[in-house]
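One structure follows; several queries about it will come next.
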Amino acid sequence: MTPGAISVQREDFDPGREADALIAGRRDVGAVATFVGLVRDANEGCGVDAMTLEHYPGMTEAALEEIVADAQQRWPLQGVRVIHRYGRLETGARIVFVAVASAHRGAAFAACEFIMDFLKTRAPFWKKEETPDGGRWVDAREADDDAAARWQKKA
Amino acid sequence: MQVKILYFAGLREALGCAGETVELPVGVGNVGELRAFLSARGDSWQTPLSRGNLRFAVNQRMAGPESAIGPGDEVAFFPPVTGG
Amino acid sequence: MTPGAISVQREDFDPGREADALIAGRRDVGAVATFVGLVRDANEGCGVDAMTLEHYPGMTEAALEEIVADAQQRWPLQGVRVIHRYGRLETGARIVFVAVASAHRGAAFAACEFIMDFLKTRAPFWKKEETPDGGRWVDAREADDDAAARWQKKA
Amino acid sequence: MQVKILYFAGLREALGCAGETVELPVGVGNVGELRAFLSARGDSWQTPLSRGNLRFAVNQRMAGPESAIGPGDEVAFFPPVTGG
């Protein structure tokens, strides 16, 4: 994994610039798949004004590095970039960015989704939503466990 | 032995505690035993720590109730993660 | 489908700006998946300096619109953007861009990959590579037909 | 009836022709029949048009050999697509 592949930060990021940096000066990349996760204004029918993301400094980076290393073992990847923000984020704000470069699109798509699925279930982040009725910790979704589990079957 | 314990998110709020350093008695050698030891402090510890979906990490790696802990280890308790 | 969702053009495009435009002013989008396809400097072991993309004006746009409409029927999407270039493109150049916005990541990833898979097998574009030994039309890949076919099974 | 015919990519190059308007004789009413009609012009038409993986479109929609063609239609012949 190239240094700088993973960032855990308060600051916003520029998805276009990050994706460009991943392929700068290269002519062997055929496919770049990216994902951006954003704070939505509704979650299960209740309005959300903002959220605060808590994380576990140290473990967060280690968990993300392990997920990226797993992806690199499964697919022939030419570059990976993961950024996850923490702190208070208003609706519409970017939370997470994953970009994967590969020679072919199948590997790029699969690895990008794989990283997101495991990030959702293995990386120690917790969301607390601000609603008109107060703060509320977001419950883990069973669908996220299912999404991660399907990669096991394909292994 | 002494270990560092961390609590995160809803569990941190329920316990009113982000972390502590604890001297463990003989007989507390894994995560499940540490959980039982902390729960024995009283209802305000027992109730939050009895949640069925509680997750654990030892030295910043995901762990289970059987995972061994040793002197100087960092043990974390937290709810299922919800990032991304 | 919103107007402007599909562009077939000679000019390059800015993936970051296009993805931003897709979600501008919205707070209900939770996920944006994007794909960029690039001209690689190698194809089946032979060096490629550049390629020329021929297309079928009129049918190209109609085919892309149909593929996007199919994706919108399958998944609850909040925005789709497809750009495909034609003409002469050097190695490292962007060829194609697909971006999909949705409330949840599963729909965004699936629709983005679905659109690419059908674009590869249904949109009338043809690549001719320039190699040190002359021009060579790219053969269709069976893997692309397989990629498109798997969506049928899931229907 | 008169139809407009278009040829693309490697097929266009092999035929040395990007398109033409043709008056069809009675009996040529679908894509397969049009293909046979054009192939009968001679080897330089027969060989390129006999490729097994040839694709067809009628009025800018993917079509098959059985697809009907009518007066004024635009019929296209081309190799499998390779964009993206």
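A, B, C and D are the chain letters, set down in written order, and residue numbers restart from 1 in every chain.
In this section, a contact is a pair of C-beta atoms (placed from the backbone, for glycine too) under 8 Å apart; a residue touches a chain by one contact, two chains touch by 3 or more.
Fair warning: this is a prediction, and the values are worked out from it, not measured in the lab.
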{"item": "Contacts common to chain A and chain C (chain labels)", "value": "none"}
{"item": "For chain B paired with chain C, centre-to-centre distance based on mean C-alpha positions, whole Å", "value": "48"}
{"item": "Averaged-CA centre spacing for the pair chain D and chain B, given as whole angstrom", "value": "72"}
{"item": "Centre distance in Å when chain A and chain B are each reduced to the mean of their C-alpha atoms", "value": "26"}
{"item": "Touching two or more other chains - residue numbers and ranges from chain D", "value": "84"}
{"item": "Residues of chain C touching at least two other chains", "value": "37, 105, 116"}
{"item": "Category of the chain touch graph - line, ring, star, complete, other", "value": "line"}
{"item": "All touching chain pairs, where touch follows the definition stated at the start", "value": "A-B, A-C, C-D"}
{"item": "Residues of chain A defined as touching chain B within the complex", "value": "37, 53-56, 58-59, 62-63, 84, 95-96, 116, 119-128, 137-141, 144"}
{"item": "Residues of chain C that touch chain A when the two form their complex", "value": "14-17, 19-20, 23, 26-42, 91-92, 103, 105-106, 108-109, 112-113, 116, 143, 147"}
{"item": "Contact footprint of chain A on chain B as seen in their complex", "value": "6, 8-10, 12, 53, 57, 60-62, 76, 78-84"}
